[in-house]
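Dropping the structure in here first, questions after.
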């Protein structure tokens, strides 16, 4: 960690600060320049609060040299993590298509969609049983029954399932769920992350609407610090001033995360854009950018879907998208 | 609700859509223009998904006429809500200063600060027992013990206390807490909001970093829909591209929320800016803008504070700020 | 245009407003509902200021039904515009690779890079002669001499050239330039746009850092309203809170603009991300998303480049990227 | 300047980089740690491109220690700049109220408003003659005639005038204008800034919609580098995701700029919020935050104003606001 002092810092203030750092077990290297004095700190700086330092009168700015995440950091774990989801592998060159409806609405619906997307090449089935909705008056999902229907679809098709958790008190219901999804709004629900860290279930962690990639990795770190290394990251759009799309899909997250971390990276173009006819070009772009997986909403009857129909593809549209994604993957991996 | 159709919508498509709306109990008014056809929908449109409609091929855009929040809406509840916090009133012309440390660190610390800020004019004591931290390796608060220390400070000074909840499983520990704070990162933790709606405790609901004022009111609605009308809104900065301050304090939230809702509005300049020396002018500005309360971090020893020292005032600085805020309030309420 | 009135609008206020609209030649349709009254306006509403209306006491909200841009609007010009740049076509299925250095630094440099990128498949040569720099102390480009060097490179290689204008007083120097670039910071320099509208030169119009796609189209409209229909749109990243990349590349701009306008769409992954090693995946993603062109910075000696070396590819790296983009194009156009 | 190298940087790479810095006249201090090597650069680093360095394979991150602006920097010019506008002083404790219509519409209009706002306490008259409008079809101002009308109002009332320039070719028309305004959209029109630097006219420089405070100061630096030290900074809202207000007024810009620069700081609550009834609380908040001036739109007939009527106050409303601002100023300066 490096701290730059203000030009008017007095000798006494600098000595006090140095003592304060040394009391915290840090080795302090002082470098006095014409315009400013720079302090280099060597040792375990993870306990030092950057905000606190920057607020001190004599400090101009502070910079961490090492990222505050360890388990998720490629520097310390150079090899790609491959997450095994009931035999389906993601990461380390393994690419998967995740598809299914926003909400599970009935047993017939989820089974029908599952069979259809499997035939088109999807390898994992998604579907919401517990639904986070902005309004308390909106449909909140079939809950426990939704999970049962997903499990029946899994049994029938053999596809592992991905579904969102909203309350860790519900964990017992997720016993046979293959991948637990943490939604964007819960990305910094640290109590939830900590609980999921105690399980060994693969977790699909969605990036929050206004969270940086570093914060996403810090949230992954919460799960991994508890012992659960099976974290899959998911970019699903960030909030900007543009209103033509629901959010702005940040595809550069793929190559940037690839450098920072060894964890698999999935792109969700359906939630990011909120518009079904934009999903195809964005799914193709995600494959071209090198994503390890793409998650797409598919509904047999988008217009009547209970939620988020606007961004759902029909099974026919999904088949088209899946085919194009495959071809792009061939180029990428050739 | 109004839907504008694309110019190439066919007669058949329009008929299908009309039928679909009517099946949902809505009265449909069609208005055919030269460039576009407009559909007006009368009835309970709260179950209609705007995103779904906007995703339909024949629809250009959709606009809600009525806000999706009811209980929080000033239109339906014109009188200001006054929240009573153990005899201390906020809202409807009642202004309160909330002060205290970011984290409760020891019994002596919280009692010392409580006595000091009370003397300077603070009427409510804040202090974090459960701390949401970006990193799993940072100090997470004294938890149950922190709440005990807060309660002792309350007993000694008579000040009602405000402290954050991170997991509704902890609710029994909050039995004697006066105001439960929902942090920015949990603003859309709908399960938590719903649980708090079942209590009758005042809730201080902080705006999320990237949440609109409408979303803030929808989250208030979650709590109120459960029967708990004691919601206090808190603006604490939104995330922008500017890096000189931690977040960008959106003070226009005060007059805008004043129009939209009857709930009290508190400003937190400490978390918004993250810089102690910016807290004073922003607290004064918040008072001038008409806030019902201001929440300020005060610490007896900011440099050694376990978290967020950068934004904490010393008790002496707080006394100065409190005095200036009082003078501004005199101008505002004259 | 549709205006929704507040529930407490009086009969007299509504009559006054109706008269005001009718004086402006608009046909007013009133629709009185239980909770609100809706006014539909038919006629030429382009002179009505939405902001003004929304500021009126009795008005809840206003919505335009028709986009305020006409010449750039696909609704009125369904066929793709194909811009002819000295025989090189872009748009309407024609894809072009634009490459070259951020700044022209010397005759040898620009000729060397031009020959190299041409061999790798670039069809248009870019290079900055006038450079917009945040700091007045930074290198500002070779100016007139830079344009001369570009023209020599053009003569030698036959590649049409693209270069940025910063002052329309410089237009005479651009006589033999093939495409005039308007930089992101000048996207709303309306005086410049108007001047360029009087020429017949192709204009590459870059999206501003914080401008919506609608605003980009309004700026195109400024140029087109003057008679110059040869506008090429360029997405080069928008400003967000994320700091890992210089800006956030908004690739969904491609399919969205495709619907809204008939103009060609180019993606600039170099400026958007600011990181050379992220350019390849983003260029591939741009091709997969259906862009009509990709503009890439190439420098023979990136480390010693006078500006923006960080985002420049070496000629060898560009050859690799160009090959991959070609393969992705084959998939897209198959 | 400090550069942190990646852990895998080889000895040879480090030597090459060191040589490269030394060739540029910089003194290089190497500090080798366990996890990373840090390079300190002493000397004139203003010519070093941070982006370029950050793009190098061996570099993790780079941090400037000194701000890239000199003339605008309080560090080098600790005393407040006081700008003299025809005898009216702003900055260094001098506070001014600037008022007038968005657009000059007629001689009578501007004279009437000038007399009215002067009586209410405004000391400078604003009014747009050249209007930047998003749409080429909107009213673009009375241009030369507008300036003439402003000058007549000035002669009659004695109030110095502030009006926006859109093209430096128009400079001769601004000979008798007292303060030249640079609009938000031209904040980084560097050619314009440079031209204004050659004059000695006070310049009111508005912050761009998505520009950081550092960028605002760099644009001030462009003007000052040419010799013109009479720069007044103006915050007028930044673009965020919130849609209830036109932009988000960043009032913390006042205390932050106060530290970074010696230049006067003006707040424009009218353009920032776009809503007349929000102007009063925001003007009061701006005064409380310590602004050196407030610029407010006033129109005798807001509903019929040719542009931006939504944000204009009536003269009566302005008198009320001016009175409240005066009272807040008394508290601030007591």
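For clarity, chains are labelled A, B, C and D in written order, and residue numbers in each chain start from 1.
Throughout what follows, a residue touches a chain if its C-beta (ideal position, glycine included) is under 8 Å from a C-beta of that chain, and two chains touch if they have at least 3 such contacts.
Predicted model only: the values in this text are computed from it and were never measured.
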Worksheet item: Tell me, which chains sit next to both chain A and chain B?
Response: C, D
Item to complete: Could you see whether B-C or B-D has the larger number of C-beta contact pairs?
Response: B-D
Fill in: Between chain C and chain D, centroid-to-centroid distance (C-alpha), Å
26
Discussion item. I'd like the Å distance between the centres of chain B and chain C, where a centre is the mean of that chain's Cα atoms.
Written reply: 38
Discussion item. Between chain B and chain D, what distance separates the C-alpha centroids? Give it in angstrom.
Written reply: 31
Response to the item:
Two or more other chains are touched by the chain D residues 210, 239-241, 243, 277
Discussion item. Going by the touch rule set out above, what shape does the chain contact graph take here: line, ring, star, complete or other?
Written reply: complete
Fill in: Partner chain D, residues of chain A touching it in the complex
2, 4, 7, 29, 31, 33-36, 38, 40, 42, 60-61, 63, 65-66, 75, 239-241, 243
Worksheet item: For chain A, which residues count as touching chain C in their complex?
Response: 210, 212-214, 238, 240-245, 248-252, 254-256, 259-260, 272-273, 277-278, 281-282, 284-290, 324, 327-328, 331-332, 334
Worksheet entry | For the chain B and chain A complex, residues of the former touching the latter | 20, 46-47, 49, 51-57, 68-69, 132-139, 166-167, 169, 185-186, 188-191, 193-194, 208-210, 215, 218, 221-222, 225, 239, 246, 274-277, 302-305, 307-312
